[in-house]
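Residue numbering begins at 1 within each chain, and the chains themselves are lettered A, B and C in the order written.
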Amino acid sequence: MSKLTDKNSYTVIFAIIMVVVVGSLLAGVAQTLKGRISENERFEKQQNILYAMGINNNQGATDVAFIPATEVAEKFDTYIKKQVVIQGDQITEDPEAFLIDIKQEASKAKDDPNYQRRLPMFIGEKDGKTLYIVPMRGNGLWDAIWGFMAIDENLRVEGVFFDHAGETPGLGANIKERFFMDPFTGEELMSNGTFRGVTVAKGNNDPRNNRKDDHRVDAIAGSTITGDGVTAMIRRDVAMYIPHIKKLINEQQ
Amino acid sequence: MEHIELFFKSIFIDNMIFATFLGMCSYLAVSKRVATAVGLGAAVIFVLAVTVPLNWLLNEYILKDGALVWLGPEYASYDLSFLTFILFIATIATMVQLVEIVVEKFSPGLYNALGIFLPLIAVNCAILGGSLFMQAREIPTLGLALNYGISSGIGWFLAILAIAAIREKIRYSNVPAPLRGLGITFIITGLMAIGFMSFGGMLTGGDEGAEASEIGAPVMGVETEQLQNESNNTDKTISVLDNQTLTKE
Amino acid sequence: MALLSRKERNLVLDPLTDDNPITVQVLGICSALAITAELKASVVMAVSVIAVLAVGNVVISLLRNVIPNKIRIIVQLVVIAALVILVDLILKAFAFELSKQLSVFIGLIITNCIIMGRFEAFALGNNPWHSFLDGIGNAGGYGLILIIVGFFRELLGFGTLFGYKVLGDPIEKTGLYALGYENNGFMVLSPMALIVIGIIIWVQRIKNKELIED
């Protein structure tokens, strides 16, 4: 005696129905919500860019509070004066620059060595200072990490914002906490005219981060690989922008 | 060169058990005897070697943003990456069940040796972890994906072989009764993981290391000197604190 | 507890102690190691797993008479993955802030073998109400261990609990640190979670001799 659920034909039919039902359910939901999700993601990107500039609703010493989604588009237009795309030596203005997917650009550049990568950059103004905000993207321990860095006219860090897809909660995930991000502010990026970036260093002799010209911030204990990922990301992605920022600063003066 | 580097990196530095703690459940449950551990380990190598390249193809030609472009330019804007989990899991479960059926049919001997471990593998998070790491790290070619699957499988195999051997020996030791079995296995695994952490240093050899030593760690003496100079004219307490940290190191 | 019969009560209470998923059934170890460096993450994970396992158990239990035996593993995995992805998509659209905080846990939940383990061991053979209770109990027992490990690792590793500096400030040298106490950086690393769980198992088996292995 065999049960109905053991029959081959039943198994095949069940599998087909399951695939169709689950597939169409997921695809349907994903399609209907796509608009809302991409809108939320766009707001998030604007919030992150403004956060790196130091425009946020932070009140306590530990909270990371963005401009609320309802106001962010307006604030973004107020503070971000220009969005530019850098391709080769060309710097062109492009109001859609923040839609560029830097992950795709990086993989295109990797696949095809002749491809000239499009680099989006945001030029903002705060308290009369011009700030250059650059995006970056790299790998942490488990998955991707990314962020924005606001750079001022003296090539110092004005502020940063980091985020991640799946770093270990309580360890690497803390790169998006204030105690990790705040010490970047004021760090020098350049040393004697060459780019050195900011290293996330263990055994830092400067745990309160009083020295701003040592190119180092204190690492998070227990998350070496995420920290190294941040260092590498800054060294690779921010470095690409430095000559262009220098050029823009010279043009302004 | 790329292949050799990835091979050793996946076995030792990114060891599935000791560095990322994936597949821990079957590792602890099936490591009482060396013979069974070898069976499970071999099955894991095999399944990883099949599913990682398979999922690489899926990711490259179906899931990635714009991956459907081979169907025609009008498909370039589709992004199916939200299906990643479900498709990867389905591939793994299907493969495991397929392998089970094929092995049962053609090689009953092997089936008896391997059989009971195969269903266990479908729920082994090391297998899904392997595919997800492959996606997150953007492994560029099919060959490297195959390499990654095999080598991370070997890493898992080595780990379970080692703990099974230790557990066979430790039966003759005088372990406190409540700690016997699972308890001592947890603690030994912890110690082994601490040992494996030392492989992490292997990564910084080569080019990256040269760069790091040039840019990263400054020479200790120079740093101290600077600190002392600073302490003369700036905030005293801070430099005292810094020097304390220094001497401790 | 007049609401639940004796058997039903045991379904919830047993996994909290004598049939604990982590220390006795050896399920769900990976996530117990990865995310217990901080108490807050442990609590979030515990709550998410309770929700997912309770709902998943009910769904599988409802489907238990129609799932073909040969492909049950695939069906179970697909059901759980589909549920989690659906919740993730909906959160992304309507509660973006919350979804940002939970996104890290999604992969960990799908790959958590405690979920598959309970589907296979319980939900496939029992009615939905019992499966629901079993889900709550097992995920609760799992969460309990997570929270204990998270408590010790955060307290000894960072000197904080839920981010509050309960032992004083290690840089300013106040509180306990003024007496020369130092944080144990090792506690932050995952291998120490293994050792803490080992000690929990030790303590548990001293209390309950029946669990001792030969």
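The rule is short, and it goes like this: a residue touches a chain if its C-beta (ideal position, glycine included) is under 8 Å from a C-beta of that chain, and two chains touch if they have at least 3 such contacts.
What you see is a predicted model; the values in this text were computed from it and never measured.
Engineer: Touching chain A and chain C alike: which chains?
Structural biologist: Of all the chains present, those in contact with both chain A and chain C are B.
Engineer: Mind having a look at which chain is the central one, using mean CA positions?
Structural biologist: Minimum centroid-to-centroid distance belongs to B.
Engineer: Tell me, please, which chain's centre (mean of its C-alpha atoms) is farthest from the centre of chain B?
Structural biologist: Max centre-to-centre separation from chain B belongs to A.
Engineer: Where's the contact count highest, between which chains?
Structural biologist: Contact tally peaks for the chain pair B-C.
Engineer: What whole-number Å value describes the gap between the mean CA coordinates of chain A and chain C?
Structural biologist: Here chain A and chain C have centroids separated by 31 Å.
Engineer: Centroid from C-alpha atoms only, then distance chain A to chain B, rounded to Å. What do you get?
Structural biologist: Distance between chain centres, rounded to whole Å: 26 Å.
Engineer: Using mean C-alpha positions as chain centres, tell me how far chain B is from chain C in Å, no decimals.
Structural biologist: Between these chains, centre-to-centre, one finds 22 Å.
Engineer: Return the residues of chain C touching two or more other chains; collapse runs of consecutive numbers into ranges.
Structural biologist: Answer for chain C, listing residues that touch two or more other chains: 34, 70-71, 74, 78, 82, 85, 89, 107, 171, 189.
Engineer: Quick one: which residues in chain B touch 2 or more of the other chains?
Structural biologist: 82, 86, 241
Engineer: Going by the contact rule already set, what residues in chain A reach two or more other chains?
Structural biologist: 22, 26, 30, 165-166, 207-208
Engineer: Given the complex with chain B, which residues does chain A contribute to the contact?
Structural biologist: 22, 26, 30, 101, 104, 107, 110, 139, 141-144, 165-166, 196-197, 199, 201, 203, 205-208, 210, 214-215, 224, 235
Engineer: In the complex, go through chain B and note every residue touching chain C.
Structural biologist: 18, 21-25, 28-29, 82, 85-86, 89-90, 93-94, 96-97, 119, 122-125, 128-129, 132, 176-187, 189-191, 193-194, 197, 241
Engineer: In their shared complex, at which residues does chain B touch chain A?
Structural biologist: 20, 65-66, 82-83, 86, 133, 136-138, 140, 200, 215-218, 223, 227, 235, 238, 241-242, 245-246, 249
Engineer: Would you tell me which residues of chain C are touching chain A in their complex?
Structural biologist: Checking each residue of chain C against chain A gives 34-38, 40-41, 44-45, 65-71, 74-75, 78, 82, 85-86, 89-90, 92-94, 96, 100, 103-105, 107, 150, 154, 157-158, 163, 171, 185, 188-189.
Engineer: Inside the complex, what are the residues of chain C that reach chain B?
Structural biologist: For chain C paired with chain B, touching residues are 23, 26-30, 33-34, 70-71, 73-74, 77-78, 81-82, 84-85, 89, 107, 110-113, 116-117, 120, 171, 189-195, 197-199, 201-206, 209, 211-214.
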